[in-house]
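Input: one structure, supplied below.
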Amino acid sequence: MSRLAEAAASLVEAGRRMDARAWVPGSAGNLSARLDGESVAITRSGVHKGRLKAEDIIEVSLEGVAREQGQRPSAETLLHCQLYRLFPPVGAVLHGHSVAATVLSMTDGPIYFSGYEVVKAFGFATHELDVELPVFENDQDIGRLAGVIEPMLVEDAPIGYVIRGHGVYAWGSSVEHAFWRLEALEFLLTCELERRKIK
Amino acid sequence: MSRLAEAAASLVEAGRRMDARAWVPGSAGNLSARLDGESVAITRSGVHKGRLKAEDIIEVSLEGVAREQGQRPSAETLLHCQLYRLFPPVGAVLHGHSVAATVLSMTDGPIYFSGYEVVKAFGFATHELDVELPVFENDQDIGRLAGVIEPMLVEDAPIGYVIRGHGVYAWGSSVEHAFWRLEALEFLLTCELERRKIK
Amino acid sequence: MSRLAEAAASLVEAGRRMDARAWVPGSAGNLSARLDGESVAITRSGVHKGRLKAEDIIEVSLEGVAREQGQRPSAETLLHCQLYRLFPPVGAVLHGHSVAATVLSMTDGPIYFSGYEVVKAFGFATHELDVELPVFENDQDIGRLAGVIEPMLVEDAPIGYVIRGHGVYAWGSSVEHAFWRLEALEFLLTCELERRKIK
Amino acid sequence: MSRLAEAAASLVEAGRRMDARAWVPGSAGNLSARLDGESVAITRSGVHKGRLKAEDIIEVSLEGVAREQGQRPSAETLLHCQLYRLFPPVGAVLHGHSVAATVLSMTDGPIYFSGYEVVKAFGFATHELDVELPVFENDQDIGRLAGVIEPMLVEDAPIGYVIRGHGVYAWGSSVEHAFWRLEALEFLLTCELERRKIK
């Protein structure tokens, strides 16, 4: 099996699991995996991420250009490629639109996770810290949005980030690892949303 | 496979997916697909939409009359036919009863979606707008209800609509496309419901 | 297939569907179906209702006595038998413990459903009415509890009932019909619970 | 089939069911079963509990030491072993991270369940009592945490316990029984969380 076919199989499965959690409504979300130092496998535009077929995963350069003419990668391909360029250990990027991420991102102020055991999923050795999840303003100009995000990525190496009204970006060394981190992030976001209801 | 059999297969599957999201409690909801310029495939009355069989999908005219004598289409067939008559590109209509749609429709005032990326599922080019989801009073006289809805459909071409205490109508160019738009609507409704809990 | 085996197959499937909705935590809940004028098939005590096997369904008399010596029917068998004795059209009874039913039953006052289209699942011709779901105090003496419930059943023929901190009883002409009514009840209860969060 | 293989099959299945309820985000949670008076089967560190394979279950002594060199049991193995040492009837221990347990554990004061029928899952004969679920401060030093928990286990024989910001420990005579009790605990926790939203 080619690297693209292998990556596609993992991404199809990850999309199915994201859909089972209702994180990819309509054709929302996009999923990718690094193929090598030069190329990335990513979902093409306008498909349901819970019902992907292998042919819905296409190959793009690290600059986000489709290898095959006429293929149209996800609109937010540049945000994926940015992570692959900046962080060599990143092997996969998952972006979903959950209710918790969307709703919390529309409230004031940044999102912090304090006292949660689950933050250890991001490599921390203890629960006794405040972990920030950065929130950025949404922007239909993805190049400009990437430019706004880049300094934060370089300086803070965050556990993920949220685009306001838009959803979560999570990543990891493999598709499976990225899914674990996405699941941990969504758990933390849901906990925070629930806590705001009982205050 | 006949057009009716093809449409039935798509509707059976869409019903299964709606049921997995708990949008069709009891025998609630109804699903349809355009067969051609003259006919529509629609679920018959009194069946569970999550466990449809091919024979639960029957053919009706654009006026909502069953092609085969003795068959009883869904009570709300006229609302489906109205959409097919008014909008030639509409290929499928899905109506479900979600908790979020029902609860929000019972609060005061119209429902607006502001700042959500997911509104792009309805063809908008940006998240920077307020999209209205119209709410109509429920009425057991479906012909009269259709009469109340019609001017709004013609003038505003809304992204869908809600009947108070009753649920959502969504549509699209195909059953799959209508499901995506229903999923996007339900996501937006759930986000709005959650936001009202933390205000 | 014997009537008992047929009933068992339907109840196994209904239990699986109730479990998928998280309505039967632990070994909670019980399910039954009428076999004939004299006998009822009912889940035995101490089994998980989401993973029933045919042998977990046993036959009891309308007085709740197991036909086979040594078999132990559900503790609440008498509440099932009461419904079969009082209402000849009742063919199945489902009892589950949902979060919504439990939480609402622990608030003050009765539970009313007003303005919901879904009440038509119970045979009403319109949504324009207030439908009461009676709530009874829980009692470990099931015979005594049945005595408290009986007058209400006879006089009001309610759409179901709730035992405080304990869950819902729903019924119908068949297992499938009882499941539809249970699903409609749970939908209405969830809507009411959600409405109380945004007031 | 060896006792280890049998235990592994049960734990793989229990993990799958916990994941279906979203109780094991990322690589969170751990699951174990007693093999005999000297040994325990337990999930190894760093695997997703919803997608366990038989080789992810390893054998440890009652002191938590892996039987095979190089194998790394779950970080919280000592908390499992503590329960097996103190309570000979305990045959399985399940630890998950649900949203309800995490959120409630981060509020003030202990958690009580009052008036719930479902507490009978823990052997009580009536719903008319207040059952406490102890909450402990989280601690990355598991030996020290076990030392804090031990007196409470010995004196109160609780129905389970919660570690703040971290999740629930439940146990039973078998993996299936432990799952029932976990499911009952999670049901009670969800009910309490919902009740705090409508007060």
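Here are a few things to note about the model shown:
Labels A, B, C and D are assigned to the chains in the order they are written; within every chain, residues are numbered from 1.
Just so it is clear, a contact is a pair of C-beta atoms (placed from the backbone, for glycine too) under 8 Å apart; a residue touches a chain by one contact, two chains touch by 3 or more.
In this text the structure is predicted, and so the values were computed from the model without any measurement.
Chain A and chain B touch with mostly distinct residues; of the residue numbers seen at this interface, under half occur in both copies. Superposing the C-alpha atoms of chain C onto chain D requires a rotation of 90 degrees, rounded to the nearest 5.
Centroids built from CA atoms put chain C at 31 Å from chain B.
Inter-chain centre distance (chain B to chain D, centres taken as mean C-alpha positions): 44 Å. Residues of chain D in contact with two or more other chains: 197.
The chain pairs satisfying the stated touch condition come to A-B, A-D, B-C, C-D. By the touch rule above, chain A contacts chain B in their complex via residues 22, 25-28, 48, 97, 99-100, 102-103, 106-107, 138, 140, 163-167, 193, 196-197.
Chain contact summary for the complex, chain A toward chain D: residues 21, 115-118, 121, 125-128, 176, 180-181, 183-184, 186-187, 190-191, 194-195, 197-198.
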